[in-house]
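Pasting the structures in now, so scroll down.
In what follows, subunit A forms one complex with subunit B and a second complex with subunit C.
And then the complex of A and B:
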């Protein structure tokens, strides 16, 4: 099982997933007047007191820390909608409810930095914990069963980033093993060897195995939250662009605090 | 040669297999039972896999199916895969199975390994993300090296997530900061 002794099985650490989640947009109510911010990752503002505006979470937190705004919790983070989600999560054992891709990270960021802006923060927090536990248990049970006996593929929809990140090291390796033992050319077959080596991937013998291969290289389980039914290529592309732009944003982020320092 | 430096791959090839020599070999001390430094044709010797593999390629020796893949083991795995102690039979069961299959010409090996792994995978999955460490040690003794890797990957990612959830200092202080300068004479 090649790659099994890889010391970094997980592509992203939890902190990095949180970092990516900080790019999600959120509504804030500023209490100061400020010119628009023209940053590498986009233009935000202008900011006027009491006028709701949308900014990325990292910017919202930076402003909140300085007491320049209040954060409006997203609509799904209310007791009513969370209770409803928890109920329907408990009801169906197979399907997952639609939640924001980064709900685990966003909720933690808001609990850490903007407790006073969330109504009923304790209730909301315990509801989200419950939802996460229920969902993770479902992830485990659904990983147990394969769609059919021949292919080693599992389809789970509406998984969130953190849930995928937790199971990724395990699932990636398990699928690698399934792929390895499931491939028909474990024993070299003379007439197949001659023509199959060159174009082995193109004429992938079994759909399930091809999916499996794509899964382990495509980093992520098919999490069809944003790009429903567009197939694997979109998901994998989405992932790799995210990883790449991560570094650009890091650079952008470095510039911002300096910027603020001169402003305030 | 992608995994030439892979320590697991090297260790897997250390596994002993019994071979039957087809040709006489002179000047080697491979066979401990022979009095001279030569091997007679037809003698059975236990050799590590990497050597047996080379001899097999040169058609000097034929390889016999190791006992960890015999019919008895297959029946046991078929009965209740999760409870079979594969570690004591062969710590690199799957890896070694893949390597030995072409040498013994076993066409069922792939599907046998797959079904064994599939059944044991569910057991690992059920325990990997939850079980407390103390309860796991007995279960861990049954797993092969590959399965242990799988188990540990799941455990460490879960532990990393829990650590993140509990939180802690978001900013780490660089080691060079706050250190007092040595007074220079």
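And then the complex of A and C:
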């Protein structure tokens, strides 16, 4: 409609997802005294030197930048636990390992602002990048199996915020297309056709055209969507080409039988 | 859409907090503390502004629909109601000036396709068949994924074969069609992501 500012308002940018992650709690060790802070998002402190306390990540980073504390990396950000996660991630092709919902964002924030507080930072960083790549690859390949789930609900266990955000526009629309094309409206129903004169326009040849039109429409929409996404972030680009070809393949498999079914 | 009453308690502490930041500056509080309070305030305002902006986008998208549906219109705040009303009037005036007034008499309505349409049939409705990402805090058994009670009896022929009722485990993400879970979302049993 006219005046509409953004065609996909439900899609968050990578920065917005990061903003949300900054509210996650993390442990810090202050090196100064400070009175308790009564913030809008909660009460934190009082702060004493060498006494571990929990604060939101944005607060931890603000204090860290001013040299007022060291940040304690969360337990999952150690070489041992990450190596283990990476191994099990590689072993199982279907399921995802349990990681914090915001693991991508949290690790990136800590690498950017608190490198010196993370033991073996290079190793940890490359492990997390490996895990991320393995998982994103798995997300892409598992998209194909959505085809079998021609239902209204798909379960996605242990997917993280960033991963969900990347696949959301694509998967949402793909499922919607499946749902629409699986609708009884588009599958010839002899009983209804003979009964209803009013619905005569729905007869077979037109129906074929309609499906065909929707197929093209869907593909064009998707391409446009992904062109747009490319501008966002490296993370988003990751999904683009492969996911698109996957979508077209899936859609074709789904549509072609319906199309021919209505012609013959 | 979230009820607008929620906004009021967010706006008021905002104003009183802003007072406290100024007081700190005058009272000579340590600059670090002041900057932290300021950051907290900025974050909250950023969130609030994004929230209001998203609501305005939704209003822009479906203004005619919202204006004629009391249930939706009553969820808007006073300012949003004015905004919705004004943008509707403006768009209507614009379309009438530029197009509708030049069409034959029968086709001049902005809400109906032609004068013989009995009901309003030219207002786009929000697409409720969208798939959304959601998760629940409690175990929810037996969610019926079909559209259920609100479907007309006449549409029976149209209905899909019934799907298995669906269960939701706590803290697992699902892609679900919005329509069947709309009620649960409104009751606060399911959170969208």
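Just so it is clear, the second predicted complex is superposed on the first by the 167 of 264 C-alpha atoms of A that agree within 3 Å, B and C clash if a C-alpha of one lies under 4 Å from a C-alpha of the other, contacts with A are read in each partner's own complex, and residues count from 1 in each chain.
Quick note on the criterion: contacts are C-beta pairs under 8 Å (C-beta built on N, C-alpha and C of every residue); 3 or more make two chains touch, one makes a residue touch a chain.
Treat the numbers as computed from the prediction; the structure is a model and nothing was measured.
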| query | If you stack the two complexes on chain A, which partner ends up touching A:177: first (subunit B), second (subunit C), both, or neither? | reply | first
| Should A:34 be classified as contacting the first partner (subunit B), the second (subunit C), both, or neither? | second
| request: Quick one: classify A:154 as touching subunit B (first), subunit C (second), both or neither. | output: second
| said: Between subunit B and subunit C, whom does A:89 touch in the aligned arrangement: first, second, both, or neither? | reply: neither
| request: Compare subunit B and subunit C by how many residues of subunit A each one touches, and report the one with more. | output: C
| said: Touch test for A:168: subunit B only (first), subunit C only (second), both, or neither? | reply: both
| query | Is A:24 contacted by the first partner subunit B, the second partner subunit C, both or neither? | reply | neither
| said: Counting contacts the way the document defines them, which residues of subunit A are shared by the two interfaces, the one with subunit B and the one with subunit C? | reply: 1-2, 4-5, 9, 152, 168, 173, 180, 182-184
| request: Please name which positions on subunit B make contact with subunit A in the complex. | output: 2-3, 6-8, 94-95, 98, 101-102, 105-107, 109-110, 113-114, 117-118, 121-122, 125-126, 128-130, 146, 149-150, 153-154, 156-158, 160-161, 163-165, 167
| query | Where on subunit C is subunit A touching in the complex? | reply | 13-14, 17, 30, 32-33, 35-37, 39-41, 43-44, 46, 50, 54, 57-58, 60-63, 87, 91, 94, 124, 129-133, 145, 157-160, 163-164, 166, 172-177, 180, 193
| subunit C contact footprint on subunit A (complex, rising order) | 1-6, 9, 16, 19, 22, 34-35, 37, 39-41, 58-59, 62, 66, 68, 151-159, 161, 164, 168, 171-173, 175-176, 179-180, 182-185, 189, 191-192
| remark: Listed in rising order, the residues of subunit A that touch subunit B in the complex are 1-2, 4-5, 9-10, 13-15, 18, 108, 112, 136, 140, 143-144, 146, 152, 162, 165-170, 173-174, 177-178, 180-184, 186-188
